[in-house]
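Multiple structures are listed underneath, in structure tokens.
In the two complexes below, chain A is the common chain; its partner is chain B in one and chain C in the other.
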Partner chain A sequence: MTPPVSINNLTVSFDGTPVLENVTFKTRPGELTVIVGRSGSGKSTLLRAVNRLNECFPGCSTTGEVQLALHDGQLDVYSATTCPEHLRARAGMVFQSPNILPVSIARNMLLPQKLVRNVTGRSAEEKMRHMLERVGLLEEVHDRLGAPAATLSGGQQQRLCLARALALEPEILLLDEPTASVDYRSARRIEELLLSLKNELPMLVVSHSLPQTQRLADRVLLIRKGRLVGEWHRGQANAEADFEKMLSTTF
Partner chain B sequence: MSAGFHVSKDVLARIVIAASAWVSAAVVLFLFLFLAWFCRPLLDMTTLARLLSWDWRPFQGSFGILSMLTGSLLLAFSSMLLAFPVGVGICCFIHGIGPPSLARFVLRAVKLMTSVPTVVYGFVAVFVLVPLLRDVFHRGSGFSLLAAILGLAILVLPTVVLMLHSRFLTVEPQVRLTAAALGMTSSQKLLHLVIPASKRGFLAAAVLGLGRALGDTMIPLMLAGNAPQVPGSVFDSVRAMTAHIALVVATDSHSLAYLSLFACGLLLFLTTTLVNIGLRMLTRNREVGS
Partner chain C sequence: MTRFHHVFSVLCRLCALLPGAVLLFLVGFLLQQSRGRLDLQLLFGDTPPLDALIHFAPVWDGIWPACFGTFCVVALAGIVAVPLGILCGIHLSEFARGRFRTMLSFCVDLLAGMPSILMGLFGFALILFLRHTLLPDAGTCLLLSGFCMGLLVLPYMVNATYSSLSGLPHDIRLLGPSLGLNRMQTIRHILLPSAGRGILSGLVLSLGRAAEDTAVIMLTGAVANAGMPRSLLDKYEALPFYIYTTAAEYQTPEELKAGFGAALVLLILTTGLFLAAHLLHNAMERRWRQG
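Take a look at the complex of A and B:
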């Protein structure tokens, strides 16, 4: 089967300093891939290389190849003909800290749908409610959808961001430590949602938590100083022991 | 310094900032009181009626300043109507719509515009804009309301652009990555996120721009033709209050007409203050409403 994400010899530099070097890997359909590594190892840069978000930072230069298997075929992410906005609309992303827009809860959900997917009116509202329900937020905010999103708690904001990303019907989801800034209950709720989504939506998740990685990962990629130095798969022989061995020096 | 007199840098900074604020407020209050004090001789009904009339014929005892007030308001609001949308467009161009290298060049050019003396704008306009208007429209000498509006619009443009630019600089980084990650284009980000979140920048740009347009003397003096009348069209000559003050001060220093200048000064002061308060109330009401 075609790998949802296929990365070949990826090198990302900022102002000439390499942050990622010759990273090569493939994910598999139906698997949740977790990227781990110490702070500053290049995990977030790797994630942002998939949707070309690194290009929003000055001095970025990328070489290598990133291929995504989308519904209408393979997409060469760094091809000259690939439009970054089009790519990002199909590769959703959730950041480490909640990146709400400075508008109301409802507008956070409806505006991207309108601008990116051209979905408005009743369809957009239904999608909004469905996704808010899916992330367990609808019950908490149904009577204040017009309130500023900034009035939500950190955990609620992060779930709103996840709902917003899902409402755009991404074909791959990139999550950069999605539970790093949320409370325990919100974190577990997000994890449950990710596990329920993994068969329908390819996901790359950066995690800083060993227990979370254990709970979520079908495949683990270990990044150290910008290089891929280890790979683990749940189905491999001695999976448990190898997991402990590989990650003992990371967390 | 002994321990008893030790004042921390933080406290010192607060004292200096508070003192600056009080001094600024005191200067504004002093200006108001100064103008009001010198307007006292005008405060009898007969003189006031002559002052608040449309005729400026000082040798016949008519020194009405309403046509000058009309001229000032027409010039200021019309030039802002022109400069404001252009300024917003330039700011959007700088913040993502235009190619980065050209955007940087435009920003530098706008910053340079602030350092050009007003008289230079006036001088260039007298030799380029005025003859151009005269040749194109064949209506009068070219020294007209239209010439002054265009000159003032160019003068206040950098104020509008730079006030908006400073607000965009605060707002844009907050939404840049989010908007990009959601797949929004630069123009969508500006139109739907940055501009709505920059209300204060728009208010500041409007207040400062209008203040600059109302208060400028050189452009109306050099380009508007200075006829003390209510213009029938943009090709007519007009006199602004600032230009009126400059013209009368240069030729008179004792008459009642001279005293009317203080009323002009007071009116300018009150107009600027009222515009400021009005725009603030408008923005506050909208914020409460939304």
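Take a look at the complex of A and C:
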């Protein structure tokens, strides 16, 4: 089986200072991969390297290889022929703090569908309802889809962001501490959704919490100061003890 | 410490009231000074207003031609400065990098600090140049004034666009690309609407400046008693110029009153323009927010 994400010798620098160095790993189909590490260790940078979002910062340079297994074959992310917009449209991303557009709830869902997928009208609305349902938001907001998204709570906003990303039918999902700034209920709801998605959608999740990592992860990557210093897998011998040992110094 | 806070907050409140107080005083003063002269006669003289408005009947002894001239100058300046300024601001904020950006924005700042009399001289020199080269018949006119006024307020539009775009938080900048929008889509559908309020305040500043400036129009085509301009290439009258000449050369108290009345009309005209800009912005924002 081809790995959904395979990263080889990835090095990312900002203004000449390396932030990630020689990171190499592969994920497996059907597994949920969680990336952990102290704040500032380079987790977000690693996620952004997968959809080439680091390039939006001036002074960033990336070397190494990132390969994604998509429906129509292998995509070499950093090849000269890869169009970043095309890549990003297929790799959904959810940020650490809810990143809503300052527009209505419905428009948050519909505008990207129109611009990225060219889906409008009924089918876009249906998709919107379906995805809001999926993140458990529909019953909370069905009667105020025209209200500003900023009136939602942080947890609801984050679920809206997740629904927005899913509505674009991504082939891989990148989540940067998706529950770091949300209430407990929303966090659990998001976790359940991720677990239910993991067989159809490869995911890289950065997590800030040990219990969450325990609940979600089939595979854990530990980053320290820009280097991959530990890798854990649910199926390995002594899994539980090793998990404790590896993460005892991280959280 | 609490005492200091108290004094500070009172001071802030007083300062916040200051602009309103100044405005009230000014309007009151103008109303008082122009009392008895504020009527349709001030605008249209002895010409029936409808004739003047609809049939462009000539107006003597009224400031209607000056209102119209000022309106045209402001509109032309807007046509020049708004698109150019927004495009230039977008370039500075989103595309230009490093030394080139520093240099460009330095030029914009220089232009912003340029006295308007220099812009007037520039227009005048431009006409002289055109006369000696391509267009022997060229003369100062409405079009030239509008163009020069556009250049005068261009840096306000550039800086308003530039600073409100580059002041947007990082998250909202990354949002478009992370969804797969291309650069133009991100700018058009996310960044520009988010920066709308800042751009609007640049527009209001520009309109006000274009309506008020006298030095530019004096050297580029405004004359007293020109009447209504028949084309963009004609001479014209303008309110600030009218106020200026009246204040300098009035012969009777009635004339001075008319000058104060004209100042009030100028204030009303610019307020109307600001209102129109606000309404336009609100409509655009509503469309963006609701789809």
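Note that the second predicted complex is superposed on the first by the 251 of 251 C-alpha atoms of A that agree within 3 Å, B and C clash if a C-alpha of one lies under 4 Å from a C-alpha of the other, contacts with A are read in each partner's own complex, and residues count from 1 in each chain.
Note that a residue touches a chain if its C-beta (ideal position, glycine included) is under 8 Å from a C-beta of that chain, and two chains touch if they have at least 3 such contacts.
All of these numbers come straight from a predicted model, not from anything done at the bench.
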item	value
Side-by-side fit of chain B and chain C on chain A, or clash	clash
Chain B versus chain C as contact partner of A:Glu200, first or second or both or neither	neither
Chain B versus chain C as contact partner of A:Glu240, first or second or both or neither	neither
Touching partner for A:Leu168 - first (chain B), second (chain C), both, neither	both
Partner chain in contact with A:Asn51 - chain B first, chain C second, else both or neither	both
Contacts of A:Ser97 with chain B and chain C, given as first, second, both or neither	second
Chain B versus chain C as contact partner of A:Glu85, first or second or both or neither	both
Touching partner for A:Val116 - first (chain B), second (chain C), both, neither	both
Residues of chain A contacting chain B in one complex and chain C in the other	51, 53, 56, 84-86, 88-90, 93, 95, 99, 101-103, 111-112, 115-116, 164-165, 168
Residue numbers on chain A that touch chain C, as the complex places them	51, 53, 56, 58, 84-86, 88-90, 93, 95, 97, 99, 101-104, 106-107, 110-112, 115-116, 146, 148, 164-165, 168
Residue ranges of chain B touching chain A (in the complex, touch as defined)	171, 174-185, 188, 192-193, 196-197
Contact footprint of chain A on chain C as seen in their complex	97, 171-175, 177-182, 185, 189-190, 194, 288-291
Parts of chain A lying in touch with chain B, wherever the complex brings them together	51, 53, 56, 84-90, 92-93, 95, 99-103, 111-112, 115-116, 164-165, 168
